[in-house]
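There are structures below to look over.
Presented sequentially are two complexes of subunit A, the first with subunit B as partner and the second with subunit C.
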Partner chain A sequence: MQISKEHLKILDIIVKISMDSASRSFSKTIKHAALIELVKTDLVDISEITEEMNNDFREMVASILRLEGSLNGKLMFMIPLDGALMLQDFYLQDEPGTAKEFDEFTEGTVQEIGNILASAIGNSFAAGFGSMLLPTPPQVLCDFAGSIFGQLIFEESMDNDKILLTETKFKLRNTEIDCYFFLLPDLNTLEESLDKYEKASDTDSL
Partner chain B sequence: MNRVLIVDDASVVRLLIKKVLKQGDFEIVGEAVNGVDALAKYKELKPDIVTMDITMPEADGIQATKDIIAFDPNAKIVMLSGIDQKEMLWQAIKAGASSYIVKPFENDRILSTLHDVINGK
Partner chain C sequence: MILNNNGNIVTVGVGDLKVAQSPKVIKTSLGSCVGVVLYDNIQKVGGMLHLMLPNCNDREGKPGKYADTGIPLLLDLMVNKAKSKKNVLTAKIFGGAKMFSVNSEVFDIGKSNITETQKILGNLGIRIIASRVGGTKGHQISLDTQTGIVQSRIFGEKTEQY
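Moving on to the complex of A and B:
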């Protein structure tokens, strides 16, 4: 797996800008501030990140999507089950505590938040790379963190020891709820997109 | 009352749109969960206006809009999507959409857009 340090740095900056936009969309969707606590982009060791996730014993709800276009990749929004219920109340503009147990509306809320975040990322990347990037319909999973994460990286872990992963952690203001957003860009299309981005930037600066 | 068909694969989004439209003079006559369902429900219910998601399984919102317009060239369809990209907007307009709202939306924006489209503005 190869990606230059320079490209990694460009990607890190683009992801941070994209996540600012995604965070605003997230907050507007739930009419509640979703604050970014962490954004990092790095080549990570699959066994280490898997162990970290396996040590998180919380039951989670996650929405997994693919991004398709000039840059391909996978995205996942993941939140603890109790947080998903709170998110459902925010989204449906219900009194806090209305949602009591996981049902189709909880699933739909996580699905829609995943869709909104993926769309915001797609919109930012599309603006940066000058091409169209579209999310696919989401797949929603309810399981332990390690199991869900295993499904996200299943294909990549077949052939690689490391994956390029961007991880964002949000905290919902005035709550104890934290939630996560992961992006796994496809390296081949990423390199092509970053090359084009670099060339376009060089041309602009002439 | 203006009769509305809501098309979105997420039940929670359909529920939210219903809540918002009930604040205006709209009657929800039906819901569809994908593009194929949207055309069938449109033919059956003949709504005054349709709210249409884009990213859906089976047939997406762009295909469903083309299919509905082929059946009824005067159909009024408002796209509701998180995708804010020029090319997608252009595809929606070419398919026959009357308007396009980017999610997340303000409640007033949906109400005013649907009124404008129904009134031919």
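Moving on to the complex of A and C:
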């Protein structure tokens, strides 16, 4: 898997802009501030990144979607199970502590947050690349962090030992809840989009 | 992510394999992937492979990703690096879940991983003395190299020992 350093830099900038927009949409939806703690874009070794994830013992809820259009890719929003219950209370505007166990409302909340984040990212990327990107309906998984992450990267890891991954960590203000957002762009369509983006930028600067 | 900084814990990622001696504990999390544990009760040495596909099919890349290249490599490490005798080695296998309820070969790869793992271990003459495979949920396993016991936890179920 190849990507130039220049393209990695451009992607990093676009991702940071996208995440800024996504965090605003996220905060607005749950009526509670979601603060970005980390945004990282890198070509990572599948064994090393999953080793890190397999050290996380927590039970998580995740919403996985695909982005389809001129740029393809996969997105995942992941939050610890206790955090998902708190998120549900924020989202449904219930008193904190109302949601006690994972049910269809928790699943629906995580699905919806995944949708909202994916749409915000899709819109930012579409604006940057001047093309249309649509998220597919989300699929929710409730499982161990490592098991979920392994499934996210499964297809990409079949033919590659390294994958391009962007990781964003959010913290819900005044809580101990952190949640994660991962983006796995498809490298072939990404290169095409970045080439177009570079050409458009060059034309604009003339 | 929360990291376990205990120096006695060795974690195995996807497509990787690790060998360690007592008092180390080797652990991993599995979905549709299969975890193969080899153990030498004499030297108190254990090895763990986290494979994701049944066959290499001339693909390049990490041999640990595939059952047909990863299992022989793990056996080679145990015999030639850890100096275990092949006839004392026993195997335990875990994982191979169908994580997505989608009728697709990619998402039912767990079943093929289990079948191929059993076949290869059989061909290599390594006895499988315990297994907990299949299902639809993820799996956390940890091997205690002092005892050879594997703690196996399936999501939503209690931890069991193998």
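Heads up, the rule we're going with is that the second predicted complex is superposed on the first by the 206 of 206 C-alpha atoms of A that agree within 3 Å, B and C clash if a C-alpha of one lies under 4 Å from a C-alpha of the other, contacts with A are read in each partner's own complex, and residues count from 1 in each chain.
Keep in mind that, in the parts below, contacts are C-beta pairs under 8 Å (C-beta built on N, C-alpha and C of every residue); 3 or more make two chains touch, one makes a residue touch a chain.
Everything numeric in this text was worked out from a predicted model, so none of it was measured.
By the touch criterion defined above, A:Ala126 reaches subunit B but does not reach subunit C. After overlaying the two complexes on the shared chain, residue contacts for A:Ser157 are found with subunit C alone; subunit B is out of touch.
Contact with neither subunit B nor subunit C is seen for A:Ile13 once the two complexes are overlaid on the shared chain. In the superposed model, A:Leu35 makes contact with neither subunit B nor subunit C. For the contact definition in use here, the subunit B contact set and the subunit C contact set of subunit A share no residue. Against subunit C, in their complex, subunit A makes its touches with residues 46-59, 139, 141-148, 150-151, 153-155, 157-161. Contact residues on subunit A toward subunit B in their complex (touch as defined above): 25, 28-29, 88, 91-93, 104-105, 107-109, 111-112, 115-116, 118-120, 122-123, 126-127, 132-137.
Contacts from subunit B toward subunit A in the complex involve residues 9-13, 15-16, 19, 55-57, 81-85, 87-88, 103-104. Across the complex, subunit A is touched by residues 1-4, 11-16, 27-33, 50, 52-53, 59, 61-62, 64-65, 97, 99-100, 106, 109, 137-140, 155 of subunit C.
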